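Both complexes below contain chain A, partnered by chain B and then by chain C.
So, the complex of A and B:
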């Protein structure tokens, strides 16, 4: 198959993507909707991305995909059935390897109006399940994985992209959102089975509007706990935040002042929960 | 990887843009898209950004370009800040073993706060220590979290027996890489100088020891010319030009020519300066130009090969005949570095590997060199 090429117009970064993998074209169109511009007005995208079969020979035998950012190939090739996961993680790599104008946190961000809550958490804490739930229940998604903070403010710039759900969360989300736009499953990645879910239209519509962080909530899904809420000290919140920062090291002093300023201006909680409605009601009644 | 609708840019346009960033005002978006990719690949993006910022030009460029240039400036500043911290820790460890701890190249330019360091990224910290102290230093750094990257047995032997440095050490928490040298070129080449000649040409600045500028220039030329791959060599031409511009008075040239002749690197000095000045368009002093260490036929042949090999290597910068030139330059580089029998052995191992990779995919071998 010949190369297809399009511009992925995700605010605030855009990507010129070329690929010879049919599944990438289909899935990206499904997940990104209008942000995929086949005949783009953008003549100067931020980055050039290519994801393609490794070679003609390997197309027939255990086909693999490889990811390039211009000439750089940051990852080893992956089996073709994981190509969408590779594409998504590739975009994350491109942004975190090149962008230093924002303090980037490994965190979900959701907002009502312009009031945002940060949900920083390590993989396996149920962050993306929470993200998908809230974004389908009256909140707008700014990001599932990368919170872009303007240095020395509490402002978050949205970077709306698909939500990455893993393992058990896949069946749950398909049951909750029967009309959701889901990708194919990328099976057996290093994070297990993963699927990507497009956020609802409201999030896409507001993807150019910044929001101000009012709270940081560290979520931890726990089957045996209904909904326990702990207030964190500023020092605890700060040190947990630094372990979830992508480019904290590169930004040095700016990263430090941004994060200390942030925890001082925000409410900071840790929640253990198995009931999403209860957590949502806490967020809407006591946090915002 | 070439994109079908990408605009090629000539080497002349790239050189002109770096020397006079004003020439970029009003360029079309397709030009910028190619230009940014080429500069990033050649590790020249932050140098361009630095020069534009000095001229207050950033605001005249498209927003996306401003973004890339600001990112590059932040990255370069961060490297410079971080270097001072790493070097203070490194020096502490090395000085428990030996007082001789000489920083080289990018790290040295930056520590001495030289113009050449402005907007110059470096991928590792180069330091030179006495050969007999290598083992002890490696062990003392190991305790501070500096570990060897996994490499295969052949490469390990290459480093330990034939090279002028030990395999790179990576700081396991911060990812910083340090290259520990005991000479400036591999002893196996038979050209390794008596390192004392360089050690007598050092200066102390901001708490560290670095080469004096004329010895830095010679080392930069050796690094550029005494090499088999020129993939990212274009940037070195700018280093040479910057050192000459800042320090190149009459005494400087006398000293560098004397040191080059004494250590057997006059050819490298001559060629390094020749190609930097030819490519970037500046004058060299007659005492260097008139003292040609080659016959005119051989110099013509070298020019033919090297002027192409030292061009930017990004595929969007078209250089006719570059493939052949790169091969010849590569062969010459190996020829200079190794005795013939060893060269044949080295190339047969490397090309056997390359052949296997071209058939089975380039990731067929893992880092230790075992087939997966």
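So, the complex of A and C:
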């Protein structure tokens, strides 16, 4: 396949993507829909991305893919069946390593209208499963992976992209959303089997609209707990939040004041749950 | 073998034990701080080393660390004011 090129217009960043991997072209079109601009001359992209086969010889024997951002190759090549996971994680890396206009938190963000809730959590806590559930049940997705906060405000800029589901969550999501737009599975990555799910159209349509954070919820999926909710003190909330901040150290004092301002203005909860409907009810009735 | 605390309790133990001993080093260089409105603690940020300390349970520990007077009310913002007055904290950044 010849090198094809398109622009991914994922507000507030755009990426000019060049690739010779057909699976990437097909998957990106499926997952990103209208955000893909096939005429790559239309807009000026924020970043130049290239994801391609390593070499002609390796196309025939254990093929691999390479990811480049503005000529740099930040990762080692990965087997071709994991190319979409590499592409998505690569875009995460590009933004978290280069973006300093926003305070970036490792957190999902969902909103009802212009009221947003942050869901910062470590991998394996069920964050993406929760994200997929809420975004298909009346909430709009701003991000599954990173919250882009305007410094010294509680304003979040959406960065709508596919939701990354792993292992057991894959079967669950396919059962919940039979009409969902799922990618193929990237098998046996360092996070296990991985699939990407496109958010509903409503989230894509509202991807230019900011929202104000009203609460921070630390979710932790627990098979044995129906839905236990603890309110955190502001000191606890701040301490936990700093562990989820990407560019906090680079922004220095600005990052510090943004996060202290955030915890002062928001309620903060830790939730252990195994019932998503109960958690959704808590969020809609007691948090918003 | 020492039992490992759950992650959400671990940071609290670490800060309670370590923070008062190490904080002095950082405030000599310059810190900014924020006292939380629910009086759950004070957070200090070193402008030099980019490190953050949250003193969540530390009114007494702070008193001990900085030899503050005991008759001071147990109020976090009070302690911060005292630290500023005594020159421990060089920058206020609210």
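In the analysis below, the second predicted complex is superposed on the first by the 284 of 288 C-alpha atoms of A that agree within 3 Å, B and C clash if a C-alpha of one lies under 4 Å from a C-alpha of the other, contacts with A are read in each partner's own complex, and residues count from 1 in each chain.
Methods note: a contact is a pair of C-beta atoms (placed from the backbone, for glycine too) under 8 Å apart; a residue touches a chain by one contact, two chains touch by 3 or more.
Keep in mind the model is a prediction, meaning the values are calculated, not measured.
Visitor: Between chain B (first) and chain C (second), which does A:60 come into contact with in this model arrangement: first, second, both, or neither?
Guide: Neither chain B nor chain C is touched by A:60.
Visitor: A:5 contacts which: chain B (first), chain C (second), both, neither?
Guide: So A:5 only meets chain B here.
Visitor: If we overlay the two complexes on their shared chain A, which of chain B and chain C does A:46 touch? Say first, second, both or neither.
Guide: first
Visitor: Determine, under the contact definition given at the top, whether A:249 touches first (chain B), second (chain C), both, or neither.
Guide: In the superposition, A:249 touches chain B and chain C alike.
Visitor: According to the stated criteria, A:238 is in contact with first (chain B), second (chain C), both, or neither; which is it?
Guide: In the superposition, A:238 contacts chain C only.
Visitor: One more residue to check, A:260. First (chain B), second (chain C), both or neither?
Guide: A:260: touches chain C, not chain B.
Visitor: Who contacts more of chain A, chain B or chain C?
Guide: Touching more residues of chain A than the other partner does is B.
Visitor: Once the two structures are superposed, pull the chain A residues common to the chain B and chain C interfaces.
Guide: Shared contact residues on chain A: 249, 252.
Visitor: Note which residues of chain C are touching chain A in the complex, please.
Guide: Contact set of chain C toward chain A: 8, 11-12, 15, 32, 34, 36-38, 40-43, 45, 47, 50, 52, 54-56, 93-94.
Visitor: For the complex, give me every residue of chain B touching chain A.
Guide: My answer: residues 1, 3-6, 28-30, 32-33, 37, 40-41, 62, 64-65, 67-68, 70-71, 74-75, 78, 81-82, 174, 314-315, 361, 363.
Visitor: Where on chain A does chain C make contact in their complex?
Guide: 233-236, 238-240, 242-243, 249, 252-253, 256-257, 260, 263-264, 270
Visitor: Spell out the residues on chain A that touch chain B in their complex, using ranges where they run on.
Guide: Interface residues on chain A, with respect to chain B: 3, 5, 16, 18, 43-46, 48, 50, 54-55, 58, 64, 68, 70-71, 76-77, 98-101, 249-252.
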